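These are the structures in question, set out in turn.
Next, two complexes with chain A in common: one pairs it with chain B, the other with chain C.
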Partner chain A sequence: MAPIIRMVGLTKRFGGFTAVDRLDLEVEEGEILGLLGPNGAGKTTTILMLATVLKPTEGTVYIGPYDVTKEADKARRLVGVAFQEPKLLWVDSPWSVLNWHAKVCGLPSGERRRRIRWVLEELGIWDVRFKSAHSLSGGTRKRVEVAKILVQRPKIAIFDEPTAQVDVVGKHKIWGMIRELRDEGSTIILATNELHEADVLSQRIAIMHRGKLLVCDEPRRLKDSIPGGDVVEVSFEGGVPEMVTEELRRIPTVVEVSAARQNQVKIYLNRAEEALPRIAELLLRLGLQAKSMRVSEPSLDDVFAHYTGLTIEEAQRR
Partner chain B sequence: MMNPKRVWVVAERDVRSLLRQKSMLAMRVAWFAAQVAFFGLIANYMFREDVLAAMGGSYLEYYVAGMVVTMLYSTAIFIGYDVYEEADHGVVEYLLSLPVSRRELVVGRSIGSGVRSLLHVGPMIVIALYLTGTPSALQLSTSLFCLFLFAFGASGLSITVAAALKSSDRFDILMGVVDALAVRLSTALYPVAFMPSYYGGLASINPITFAADLFRWGAGLESALLTPPLLAVVGIVAFSSTFTFLGVALYERRLEGGGWR
Partner chain C sequence: MRALLAVVERDFRYFLRYRWWIAGMVSMNLADLFIMALVYARMTNPDVVVDYFVFFAPGLTVTAAFAAAFMIGREVNMELRREVTHYMLSLPIERWKLAAGRVISGGIRGVAYVAPLLATTLAITNAYTGRLPTPPELLTVLAVLSSLCLGTSGLSIALALSTKSFEKYVTARSVVYYALFFCSTVFYPLSLVERVFPPLAIPARLNPVSCGADLSRALLLGWAEPTPFMLVDVLLYALVFGLLAASSYARTTRK
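Right, the complex of A and B next:
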């Protein structure tokens, strides 16, 4: 099947700063593509170019058959974006925002009312539909923003951090509705910095860091691509002495050791069960007290760390 | 090509915002009524017969018609402030992402702002017509349509300048200066007969003059006109199309570059 979105060397510079750096990425029709990366990775800027809000500095993106640098008006008709920051004026009410949005997207009046009611009820904000935006909580405003696209049901639906500030129940509801939209045939791009969200929703995940695409694949395969099939996390009471990582690397099945957090090392290795006694032995020999030792499967965080040397949390802070 | 339905949906959003400005509307109508009842009436007594003749016999009538046009102009300019408020809330990006072309967006908003401005000065138009009367319903509706075209053009001007400046402080200053000069260098408040010739030259090509002339024509103050109505219409159409065109071009170029933030 031909991809419905095709980014070709997509680049955006703001002055001398490169926010999106030569992105080459294709999105298949009918999939949910997770765009995962820490704050500042360039996810939102990429989305704004897909939505024809920003013009690429270099390269382009094809939305269906349309090149956004040449046929922006046609490209725009296929896309709907639920923005990261809710786009509401203080005086707007959820009802008026959604009604106007649906109207401008060409929905006839009966269908409009039916869909808006359904989405507002599903998201639990039907009761506040006539309140003005300034009296609504951040989570509610975010739901209104997401509701726009759930009402519109565009061919290509883009959600920029759709559940930031939304409570757990709301999160699951939104995830369910995004899946439903995909099942009806929409293609979905989901930008997020939450590993779990990307993991549970996406068919494929594209990981971005500092404007660059690091890798794009199915979550399962991303995790499998981590050298060593297992991860052992060892936490210490105090800091981690430099020589510990050196010594750990000498254990034959160990592939990689990284000091993920201050008091913790992550050991990527094969056959953890064989290596565990040797790790314990080593710590004992060095006179180090381990607070905990945990064996797990690699997560997306490990995938991110593998490519950047940083956990997502650390990358957020920079 | 523009789709009229989409243009109207865009326009409707700005028209509807009129409902939120009820107290402001009341305040401006009260200000207008007081200005006419005091200044207009008293100034009328201050002029000699031959002076009044140059204004069609009554300064009060001349003044009230001109005031309507200046109020219409300053109301239409408001759309620029809306553009800034939307930029502050990030709504610009939302508007740019909608399945609407840039031309439909700018034209729709200029129409919306034009209609909104005309409705806003509606009560003032009623006060003015109460004082002046009108020769015929056809003449009046033609002249009101021209006022709409003028407000449409002034809205395009405001959107153009807002998109070009991107700073609401600079916009405020520039539009304040333009407002002060454009109103004073027009025949809105006094006829060209009393202006020094270098002012008169500018006044005779000023869209505010054209609009004032056309409203006076609709209100039956024909002896007070500077420009023949047909020429004034041409002037207003030229004014409106220039700024609609510039508005579309600038809105697109400046905003999509991403330098708004």
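Right, the complex of A and C next:
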């Protein structure tokens, strides 16, 4: 399918500081693209440029056929953003915020009421719909912010950290509703610094760090791309015979074998699922009894660390 | 068109949220009108002001219109600081409509606020002079007050956009506010300004607030002929600041 969003050398500088640095990235129509990166990576700034809120310093982004630097009014019509910081004034109630938002987006009044009720009920905030924002918890305000876009159902829906401050039940609800929106045909950009969120929701993940795009691919392939990213741990009843490690190293996808403890080896390899039968076969041939065998795949954190030398948590702290 | 109306509706709703505050303001203004003016009417030199009470009533209406229309700037400034502006800019509305909507709503808020005061003023001037303005005169007063409100809304938004920090905004707001009122014919006639502080006579004459007050006086009281200059002055004020604010809202908010 053709890309519906095309960033071309997209750059934003604030004074001398480059917040977004020559981003080249395409988003396919109908996919959920995770924009993953630690705080300060430039996710929000990128989103604000897509939404025609900020002007690119250099480069541009095409929203559908429209160049945001030339036809911002038209580009904007295709996009809806649920912001990282809920944009509610203290005196607003969830109902009035959503009703006004839907009205500006051109929804007729019957449809408006129907959709707002449905979204508020799904997100469990129907009962507080007439309370003013200052009496609502952070998590509730965040839900209202997300609800705006779930009511609007724009062609391109952007969620900036949609579940920050939201409890586990709420998180799963929101994820489900984002998927539903995608299934109806919307294209979704999901900015997050939560690995799990990006992993479970996205078809593709773009990893950003210090304004730059490090890599963009399917989560599965990102993980596979780390040499020796998969780990198989085998524990034995007794000690580990020397020749086992030698033999294991000969399996094609194995990158490294180390004796972690006296009676355990750690095998670093790619595509563990393909190598497992061969490992089992080898052990059988050598007459070795394995006590346990555990496979773990790399996390996105490992992917991030592979590209930056830092875990996301370390990067957040910088 | 619907989007523009929605923008105006939003601003008007926030205006109504302040209804108790507004009620307070209206009653304070009315108390000012009754008490202060009654006192002044006894103190002031009849050479200067024939009857200060009647003189002051239309001036107060203009003051109220100005104050109410000026409030929108405070909100625009707050939105800018809290980045609610990001939300406004991301909405599927053409930029010029959003910008025009904000300026127009400021104006409408001023007119809505001033309507009850204008009615009171009419009752007072009628009681004192026995005169009621003709429908065209009344319409002209409304048009003048609307223009004044529109220009003031624009002025306050332009001010709000050019001073991002709240402290600077508040300072700028007070300076503009006092300059415009001190140097005007709202509280005293031009002849007094000319006598007491001649250098201020020209700014006071050009000041749209003066023109608004003098036009209202002329039309409501029938004391003087309204001059075309005053009308043009107020209309120009609305046009210049309305456009300035709308264009700077559309331009400067998207950095």
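Here is the rule we use: the second predicted complex is superposed on the first by the 252 of 318 C-alpha atoms of A that agree within 3 Å, B and C clash if a C-alpha of one lies under 4 Å from a C-alpha of the other, contacts with A are read in each partner's own complex, and residues count from 1 in each chain.
Just so we're on the same page, a residue touches a chain if its C-beta (ideal position, glycine included) is under 8 Å from a C-beta of that chain, and two chains touch if they have at least 3 such contacts.
Bear in mind the structure is a predicted one, so any value in this text is a computation, not a measurement.
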Checklist entry - With both structures lined up on chain A, is it a clash or a fit for chain B and chain C? => result clash
Checklist entry - Of the two partner chains, chain B (first) and chain C (second), which one does A:Glu273 touch, if any: first, second, both, or neither? => result neither
Next on the checklist: Going by the contact rule set out at the top, does A:Glu242 touch chain B (first), chain C (second), both, or neither?
Outcome noted: neither
Checklist entry - So, does A:Asp127 touch the first partner chain B, the second partner chain C, both, or neither? => result neither
Checklist entry - Once the shared chain is lined up, is A:Asp183 touching chain B (first), chain C (second), both, or neither of them? => result neither
Item to check | chain B and chain C contact sites that coincide on chain A, given as residue numbers | outcome: 48, 51-55, 73, 76-77, 79-81, 83, 85, 87, 89, 91, 96, 100-101, 103-106
Item to check | List of chain A residues in touch with chain C within their complex | outcome: 48, 51-55, 72-73, 76-77, 79-81, 83, 85, 87, 89, 91, 96, 100-101, 103-106, 154
Checklist outcome for this item: Seen from chain B, its contact residues with chain A in the complex are 6, 9-10, 12-13, 16, 20, 85-86, 89-91, 93-94, 96-102, 256-259
Next on the checklist: Which residues of chain C touch chain A once you look at their complex with the stated criterion?
Outcome noted: 2-3, 6-7, 9-10, 13-14, 17, 79, 82-84, 86-87, 89-95, 254-255
Next on the checklist: Show me the residue ranges of chain A that touch chain B in the complex, using the header's touch definition.
Outcome noted: 12, 14, 45, 48, 51-55, 73, 76-77, 79-81, 83, 85, 87-91, 96, 100-101, 103-106
